[in-house]
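Take a look at this one; I'll ask things after.
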Amino acid sequence: MDITFKDVSYIYQPNTPFEHRALSNLSFHIRSGSFVAVIGHTGSGKSTLLQHLNGLLRPTAGEVDIGSYKISAEGKTKDIKSLREKAGVVFQYPEHQLFEETVEKDIGFGPLNFHVEQEEIKRRTQEAIEAVNLPEELLQRSPFDLSGGQMRRVAIAGVLAMEPEVLVLDEPTAGLDPRGQREIMDMFSALHKEKKLTTVLVTHSMEDALRYADHIIILKDGRKHMEGPPLEVLVRKEELEQVQLDVPEVIQFLSGVEEKLGYSISYHNQDIAQLAKELVAMVKGGR
Amino acid sequence: MSHFIEFRNVSFRYREDQPWVLVNVSFTVQADEWLAIIGHNGSGKSTIAKLMNGLLLPQQGEIFVDGIAVNEESIWDIRKRVGMVFQNPDNQFVGTTVRDDVAFGMENHGLPRQLMLKRVQSSLAAVGMSDYQAHEPHRLSGGQKQRIAIASVLAVAPQLIILDEATAMLDPKGRLEIMETIRQVQETQDLSLITITHDLKEVIKADRVLVMNQGRTWLEGTPREVFAAKDALRDIGLDTPFVTKLAAELTAAGLTIQREPLNHQELLEELWTLHSKM
Amino acid sequence: MSSSMIIGQYVPGNSVIHRLDPRTKIAIIFFFVLIVFFANSVMSYGLLTLFAAGSAISTKIPANYLIKGLLPVWFLIVFTFLLHLFVTKEGEVFFSFLSFEFYTGGLIQGLAISLRFFLLILVTSLLTLTTTPIEITDAIESMLGPLKKIRFPVHELALMMSISLRFIPTLMQETEKISKAQASRGVDFRTGPVKERIKAVVPLLVPLFVSAFKRAEELAMAMEARGYQGGEGRTKLRELHTGRLDIYAYFLFVLVIIGLFITRS
C-alpha cells in the first residue's frame, strides 16, 4: 500500500501549558513495496509519525493516506479497525504486550480480534511461528516461561499472524545481543521480499538503514531533515552531523581511504569480502 | 600491587535442579583497571557482576574484594566498595527527585547529613547533572537517568563500579553521554571499572577484555589480542568491529597486515605502508 | 477535565505556606477540621472564613485557579445547600413558590453546612497544593515516629508510599504504551458492548502486572546493591525543620481557637 503524508502536523495537549508540537507540516510519499528507514533522535517525532500509520493518532492538521484509507482531523473512525489489520505495528520491546496462557493463543489474539476463522487462525499461527524461527513445540508453552529473545519473536509472530500489508517496526532489535539483532533484521528483510510488504523501520542504526532500506527519511524536531535513497542520504556528513548522526562506518572508512591514499572506491552495498578485494587491487596498484 | 577482585574457582547455579551458570571461573581485576566482560546473552556475565557485591553467593569457590572474602557477614562492607549500575534506567531510580536518589545509597550506609549534602553536589557535578537536582525521574531521558545512577554510586565513594549493560536500553546519544561520563570519572577518580556490554565501541576502550562463553572464561586479553581471535568469537555468537572484519578479509585476499588494527586510523596506516611499498 | 481538578495537585512556589514545615500544616489542618464543627455564630464562622481565606491568599496561588479547580466540588456544596433548604422546616416561612415553602431555619442551616463543607475542602486542598507528596510522606513518617516503639513499621510504610509516588508516572506511561500495542492488535477499548469492553481490559492488565512485578524485582535488587537493609542505622538527607515561621503559625492558630470560643453563641 502506498503511504502519503500531506502537510501533517501533530500537537500534543493543544491549548494547555503542556502544548507540544511533535510534527510540523510533514510531507512525504512511500511507494508500495518499499523498505523505508525513519531515523532521528528521541524527540524528533518519529514515534508520533509511526502512530499515524495505523490511526492510533490522527493528525491535528493535514492528511495521511494509507492505501485507500484517509486519516485526517475530521475523518470518521469507522474503518480504523480494518486499517489496523492491514498495517501491523511491532512496538519497541513488543514482548511487553504478551498476556495469554499459551504462545498459540497469544499469536492468534490479533486475528481473533479481526474475526478471522478458527481454521485460518491455526494455519496463520503455524506459519508465523515458522517465520520467526521458533520450534512448533513452543506453541503450547506459556509465553512467560520463554527467554527474552524468544518472547520477542513470539510478539513479532503475533503481528505477522494478522497478515498485514504494511509492517511498521519501532526499533525491533533494541536490547538484543548482536547475534539476536542480526537474526531479527535478516528475518524482516526476508519477509519483506517474500510477502511483498511495505516496511517502515524506525531505527537509530545507520548500519541497518544502509543495509536494509531502499529509502531514508531523517527527522529533526518534527520536520523532515533529509530524504532519499540510502547511498545519497547517508553520505552527506555535514547534514547528518546537524542531527548528531554519523555516516555509516563503511562509508566513513572509504572516505578515509580517499583522503589518505587518494583512491576512491564507491560503495554499492558490496559485502566486506568484496570490499577487501577492491582494496587489495587498489593497494597492489592494479588500477 | 594486589588484586582488587579475585575469583577463585567459582561455580554458581540459581537452583539445585538447574544447570550451572558459572563453571570454575577464576580471574582477577587490578585496582584502577578497566575490564570489559563480553559474551552473548546467557553466557553468565551478569551473574559475575552480581557475585561481586554479594547479591548472589557462589556454591563453590571463593571471591575476594579488596582482600575481604564475600559472604553473608561481609556483604554490607563489600557494597560500600563495589557500586553497580544496572540495565533498566527506570528500575533503579528509587528517589522521587534526582537529589533524593543520589542520597539513597549514602542514607543506607548511614553517612552524616553534612557529608551527604557535599557529596550530592560533587557527584552530580562529576556526571554533569548539577542543574537537575529537583527534577523528577519521569522528566529525564534514559541517558540522564543512567548518569544519575552513576552519580548515586559515586556518592558512596566505592573503589569499583560495575556497569551491567548500563547502555543497552539507551539511544546512541544516551550511550555517548554515558561513555563520556565514564571516561571523565575514570580520569578524575581512582576507580576500577567493569563494563559488561555488547557495544564494541565500549570494549575497544577497556584495558582488558574477558570473554565468557557457556559459564566459563573463554578468553582473556587486551582488546587487540581478543579481537585477533575473530573467527572463534564469531563462532560463539559475538560480533567484532568493522576494521577487524575488514582486516581479516584483506589477509584472506592476500595482504599481510602487520598489527591487528582497532580503529580506522590504524588500518589506513597499514594500507598506506603497503601501498607505498608496491 | 482531570487537568482542571486541583485536589491532590502540587503547585510549586515559595510562599509562607509553602515554606511551613509539613507537620505544622498537617497538625493545624487536623485541628481546624475539628474546630469547624464548633462554630455556631456569624462571628465565629466569619473568623474561620477569614483564617482560611487568609491562608489561601498567602499561598500566592491565583484565586481563579483555586476557584476553577474546586469547580467539581462546588456542585456538592450547592447541592448540600439546596438539600437543607428544601428539607428543613424550622423558623418562619420567608418565601413560597408554587407549593414549596422555604423556611429561614433551612436557609441558615444550609448556608452554615455548605460553608463548613467549603472550608474543609479549601483548607485540605491548601495542604496538597503547597506540599509535595514526598514532604507529606516525610511528615507522616515523623509524626508516626512514636509508633516505632510498638514495632509499627513506620519507616517501611513511608518508603512504600514514596516508592509508589515515584512509580505512578512510570506506570501511567506504561499503561498507555501497552494499550496502544493492544489497540494495534485489534482490541477496542472505546466502543462495543460493556461485556466486550470489560474483556478488553485483560490484555492490558496482565502485561501491566507482569511488568510491575518485574520492576519490583529489579528495584529490590538495585536497592540491595545500594546497601539498603531496612530503617536501622539509616540517615536521612531530607530533613524536616520546625522554625520561627512554624511557631508564628501555631501562635496565630491558637489565637483563632481562642477567638472562636469567645465568638461562639
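By written order: A, B and C. Residues from 1 in each chain.
Methods note: a contact is a pair of C-beta atoms (placed from the backbone, for glycine too) under 8 Å apart; a residue touches a chain by one contact, two chains touch by 3 or more.
Computed from a prediction, not measured in an experiment: that's the story for all the values here.
Enquirer: How would one label the connectivity among the chains shown: line, ring, star, complete, or other?
Expert: The chain contacts form a complete graph, every chain touching every other.
Enquirer: Could you quickly compare A-C and B-C and let me know which has more C-beta contacts?
Expert: B-C
Enquirer: Calculate how many whole Å lie between the centre of chain A and the centre of chain B, each centre taken as the average of the chain's C-alpha atoms.
Expert: 30
Enquirer: Return the distance between the CA-based centres of chain B and chain C, expressed in whole Å.
Expert: Taking the mean C-alpha position of each chain, the two centres sit 45 Å apart.
Enquirer: Tell me, which residues of chain A touch at least two other chains?
Expert: Residues of chain A touching two or more partner chains: there are none.
Enquirer: At least two partner chains per residue is the criterion; list those residues in chain B.
Expert: Expected reply: no residues.
Enquirer: Of all residues in chain A, which touch chain C in the complex?
Expert: 16, 51, 54, 56, 81, 84-85, 88-89, 91, 94, 96-99, 109-110, 112-114, 144, 158-159, 162
Enquirer: Please give the residue numbers of chain A that touch chain B in the complex, ascending.
Expert: Touch list, chain A to chain B: 41-42, 147-149, 174-180, 182, 204, 244-246, 249-250, 252-253, 256-257, 260-261, 272-273, 275-277, 279-280, 282-285.
Enquirer: What part of chain B is in contact with chain C in the complex they form?
Expert: These residues of chain B touch chain C: 50, 53, 55, 76, 79-80, 83-84, 86, 88, 90-97, 99-100, 103-113, 116-117, 120, 136-138, 152-153, 156.
Enquirer: Hey, which residues of chain B end up touching chain A in the complex?
Expert: These residues of chain B touch chain A: 40-42, 87, 141-142, 168-169, 171-174, 198, 237-239, 242-243, 245-246, 249-250, 252-255, 264-265, 267-268, 271-272, 274-275, 278.
Enquirer: Enumerate the contact residues on chain C facing chain B in the complex.
Expert: 132-134, 162-163, 165-166, 169-170, 173, 214-215, 218-219, 221-229, 233-239
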